[in-house]
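Next, two complexes with subunit A in common: one pairs it with subunit B, the other with subunit C.
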Partner chain A sequence: MIALAPSKADEAFATLLPADASPSERASFAQFRQAGLPSRRVESWHYSDLRARLRTVPPLAAAPDDASLSVARGKLGASARLRIVTVDGFYAPDLSDDVSKIAGVAIASARETDFLGAAADPLLDLNAALSRGGFVLDIAAGARIDPVIEIVALTGAQTDRSRFGRNLIRLGAKARAQIVETRDEGFAGFGDSALFIELGEDAQLDHACRCRETAGVELQSFTATLAARAKLRSVALLAQTPFLRRQYFVSLAGEGAQLHLGGAAVLGRNDHADVTLVVRHDAPHGLSRETFKYVLADHANGVFQGKITVPPHAQKTDGKMMCRGLLLSDEAALSAKPELEIFADDVACGHGAAVTKLDAQNLFYLETRGIPTIEAEKILIDAFAADVFDALESEVLRDLLRVDLSEILGEETLV
Partner chain B sequence: MLEIENLHVSIAGKKILNGLTLTVEDGQVAAIMGPNGSGKSTLSYVVAGRADYEVEQGSIRLDGIDLLRKSAAERAALGLFLVFQYPLEIPGVATMTFLKAAINAQRRARGESDLPIPDFMKQVRAAAQKLDISQDMLKRPVNVGFSGGEKKRMEILQMALLEPRFAILDEMDSGLDIDALKTCAEGVNALRGKDRGLLVITHYQRLLDFISPDIVHVMSRGKIVKSGGPELALALEASGYAEYAEGAAA
Partner chain C sequence: MAAVQQTVDTVKTLDVDAYKYGFSTQIESDKAPRGLNEDIVRFISARKNEPDWLTQWRLDAFRRWLTMEEPRWARVDYPKIDYQDLYYYSAPKGTAGPRTLADVDPELLRVYAKLGIPLSEQEALAGVQERRVAVDAVFDSVSVVTTFKEELAKAGVIFCPISEAVQTHPELVKKYLGSVVPATDNYFATLNAAVFSDGSFVYIPPGVRCPMELSTYFRINEQNTGQFERTLIIADAGSYVSYLEGCTAPKRDENQLHAAVVELIAHDDAEIKYSTVQNWYPGDSEGKGGIYNFVTKRGDCRGIRSKISWTQVETGSAITWKYPSCILRGDFSRGEFYSIAISNGYQQVDSGTKMLHLGNDTSSRVISKGISAGHSQNTYRGQVFAHRKALRARNFTNCDSLLIGNQCGAHTVPYIEAKNSTAQFEHEATTSKISDDQLFYCMQRGLEAEEATALIVNGFVRDVLQQLPMEFAVEAQKLIAISLEGSVG
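Right after this comes the complex of A and B.
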């Protein structure tokens, strides 16, 4: 590999490592420094040249003080849901509901040792080195949590900051929960957040992520490990993303685990959203479904990279990966790179990618019923994107995403 | 009243309507019969406002309003309705969502407020029952997986809910068995009235046994070539379209 001279941003990160960093934080940081910010010359970053994009690195966000807590509180409307709030990546108990009053739920500040292994990725290394103040949410074995728990990520800063949230959700054996994550940290700054999910045997988690306003440059890493027969269903709705890379590292570690991943990106302006999946079937009889859809208007740029790996021992794997784009402008683009790496012989795996435009006949049909063109287009766009929500079993989460999507389509002028 | 005058239409450089002139009075049920390829569907699409046809000459007026200057949705809001020969399937759009959007769009265009949900539900349920449309069909996406007959019944349901001033029915009978045809025809007949004009397009006389027309027009090669009473349809049934077919002496 060609060694690149450190960029200005690389150098700037060097100043962010706190003096009291632990040995393992220092080790992670050294790994990041060695790789440097990924550029398009790194294959998996080919479509998202972070090195070119990230010119300046804002100061590290500090643990929230009274002033930033009050900024964040101002953004936090009322809600009937139980909420766990983070401010600039730090768990903020003062703004959060006490979820531990639900039987079987416990929350605590995260320690370094809580996090098990992570994928080899420079941004995960950077996150491990610089993050502070995350939480661990534990759902006890056998607990069945009916109320939806919401994780809200806000900023309390008035100026650009670099944020490194790092949180862990653990479900014990046979536990069940539904969690919605609302990311609303704002356009400014740099974000490199990481969410870790560990599902015990037979555990089931429905997870919806609503990405409203991401940072100017934002990385989101989603790492999940599924024990035998665990089921993870996770859908993300991405909008207003100046430059977003959302990367998934999922291991179906136990036999018969099931993974349903979905995403809908609604992009306009010069928005850039890159979804990169690395799904590994590490045991027999696993099932995975990945469906990602992109609505692309203006000069928007969508990227989908999906890799499903099936080692020799993961027989009877059933994997299907699909990416679809709806192009609303000639200047918008979708780059799709689905890949299968299959080393087992008795598997059923497939992938596909397709790009379409709005169907003129369908539009005409709606218009002849009196529905004006713009509304008719939104109905068809909504229908295109919303079907990824069906990956979730939780009706409540599906409805939350549906409402969000129609709000986004209501606000955006896409066509 | 629908007035079409000297309409010339082409698509992709191919001339399809050649100076078609036709008037349908309020309260009148007019039939257009014609061989396949004579331009019947083209006529219905052009009146409804499909954008990919080129109108080279002529005019289309509904109650004196120039439709050619209006979008398809505006035409619908003025009271025009088209029963499609081949209704479209729209995956992902729930039938009820679609019906509500259509009804409210037209109400808004007329300056009315949205129909309250309970009233909407009541109206849909009543109209669906008359057309033998099950709750299950209403729960599915628009026309997706419907049989030919179910699609046509769904078209008539929309027509009943939207209460158009003027409706064009493009080969409503195609793909229908006799029972479905009866159900649809009853639905259409219930909407006959002195204020509503209907243009019933068909290839076969059979439909006109169920929806009896006041006047019958014969269309050939893009224009009306003959008009007469209901007996004209019976004569056509006996003689066939041979004398009107492509290539026959005019």
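Right after this comes the complex of A and C.
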């Protein structure tokens, strides 16, 4: 990595480390400080200029007090789903439903955050150093959890804050669950959150992430490890992201693990969404499918960087990665870099990328059937984006995302 | 003889242990002292009797180069190059330029004979065969013999060493040199600008279809001499030229540096077809030695409806760092890139292309076939870019990789950047080994495993081979057979 002079934000971060930081937190922080805030000269940050966007660093968010809890509660509304709520990155039991009343489910606050050997990444290091009070959600081996569990990330602060949520979801062998994550922390401040997922052998998890309002500068890391024959299906719907970097680090560590990752980004204004994923097939017979779609209007900027790595011992890997972009305005831009890094010979790996505008013939077809242009466009965009939700097995989660998507398309004046 | 045995024998005679072109020729050279400084740059310029502006251009490039850092982003790994430990100029004795083949140093002719360049047959070839090839033979940086010059002159085509063009056509050289690859472009191109020794210069006047395929052979001969050719091809309005470049190098223990620059300029309705077959010494079976090939090749489609097509067959070099690109500036211009990159042994290839769509209605096509065997690493790195104002840009990219053996690597790093909604880009890539079904099918019909593999590989690269001019297609097929047969089965 290229050594760079520290930026103003770098210096500002230096003041954030609390005095009571543990040795491991200090170590993570030192690692972050050494690498510094990524600049565009770092290959994986070529398309997202974090240094330019992050000029100031707001103060560290404090554990929620009564005032901020009531702000969050106001935003929460009612829901039939079981919810785990975090406020400014802190697990808030007062606002959450008691999920542990479901047999096989346990939840605990996590003060110490050294639960995982994460990927070497400065944002994860920063998160490890500064996060406080996330949660660990455990699903016991063999448990089959039918109700959808929802994780809601909210803010309670009245002013700009830096948030460092850090949560872990663990599924024991043969456990099954479906989880929806709703990120609605508001446009203010800075966020660097991390979600860790560990799947035991034969475990299955469906995970949907809805990014509604993300911080002015928001960084999300998604780290998952799959044991043998585990199946992880995860789809993200990204909208209203002033500056978002969502990065995935997934390791198919056990033989025959299966991964389905999907994402749809529907962006307008000056939104910037960067999805960067590193999928490592670390055992034979792994299967992975990654499909990401971008709908870009106004001055929106979409970035996709995907990398499938297959070391020599991961024979019989089957990996396919796809990125598609729909450009709705001449000012919108999409940059895609789907990479393959392959060291094993008996594999079938492929990737594809395509970018274009709405098909005039399809539009015409709908218009001849009496559908107004705007409606026709929305139908086509909806069909284009909703396609990725099929990666999920859980119908409930798929429907949730579909409803969200049509809400977004209803609000946005895309064309 | 059984096919397998035959293959084993072929590989024995041709493989890295006894590299066919791994010999060195004793010819007296006129060398500049080892190392690189302003005096060496001036020395090179003076030896070539260059005008002041060019000397200054070289010096500016050299000063710039001193401030630059060697790029390390490519997926290649090599020991640090000591640029002060190289010779930057070496010219074969007697550069006055023999008029006939008889005047050429006989030792040199023997080298060419071993290489299989039918230089001594050129005159006969000219009269007898319909298809003629003009060869500008580059022997350690200085063009020694240029044939067919008069034939070409009749058509108005200028085809000569660039050092000669500097004397005879200074206005053209001054206008176009560095206009596609500026002296400040990148580390290796800047180094080349400072110390380039020689290369070819081609100018095709308006409306002329070059009467023959132009070809040049580069060869690195002098020990420890980096070779820094500079090729400049200009196709004026409505003209056409097909240019062939082929390379072989003798065996060496020390790594040799090669940093060439190729600039192509196509004006309105002009077409340039540039083909390369490269089989430089890839290093021995332990990966020692071999050529470092850091090349900057770029074509500029300046005129409307202009077209530039790159075709390359890369089988040699220890390190290949090469991205022939097209700047599609003119409306309706077209860029093409066809590549076969084969790596074996401990070779490292990081190659690809850039298609920069700047004009309206531009189109480009990229077909890349990578085959890695042995302990080699083969990377495709390509960029497709549509400018904000470029309407209706169209690209299709297909890069396939084939892995033979489980100790090699195949990587794909495409950069797709669309900044205009009317752009239509498609990219597809696959990585796989030779399918068992296909092998079984062939073997079931009586082919040996090795023959079947060769057949399938041949089919795999067919799209690209078809793009090569006839003269090269044969050589390329031979090269592919040699490069691969040792590793399959």
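Here, the second predicted complex is superposed on the first by the 410 of 415 C-alpha atoms of A that agree within 3 Å, B and C clash if a C-alpha of one lies under 4 Å from a C-alpha of the other, contacts with A are read in each partner's own complex, and residues count from 1 in each chain.
In the analysis below, a residue touches a chain if its C-beta (ideal position, glycine included) is under 8 Å from a C-beta of that chain, and two chains touch if they have at least 3 such contacts.
Computed from a prediction, not measured in an experiment: that's the story for all the values here.
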Which of the two, subunit B or subunit C, is in touch with more residues of subunit A? C
So in the superposed three-chain picture, is A:Leu171 touching just subunit B, just subunit C, both, or none of them (first/second/both/neither)? neither
Where does A:Ala383 make contact in the superposed view: on subunit B (first), on subunit C (second), on both, or on neither? first
First (subunit B), second (subunit C), both or neither: which does A:Ala333 touch? second
What is the contact status of A:Leu366 with respect to subunit B (first) and subunit C (second): first, second, both, or neither? first
One more residue to check, A:Asp346. First (subunit B), second (subunit C), both or neither? second
Name the contact category of A:Glu375: first (subunit B only), second (subunit C only), both, or neither. first
Give one of first, second, both or neither to describe whether A:Val57 is in contact with subunit B, with subunit C, with both, or with none. neither
Which positions of subunit A touch subunit C when the two form their complex? 43, 312, 315, 325, 327-357
Residues of subunit C touching subunit A in their complex? 73, 388, 401, 403-433
Quick one: in the complex, what on subunit A touches subunit B? 360-362, 364-373, 375-376, 379-380, 382-384, 386-387
What does subunit B use to touch subunit A in their complex? 48-52, 71-73, 75-77, 80-82, 84, 87-88, 90-93, 97-98, 101-102, 105-106, 109, 141, 158, 162
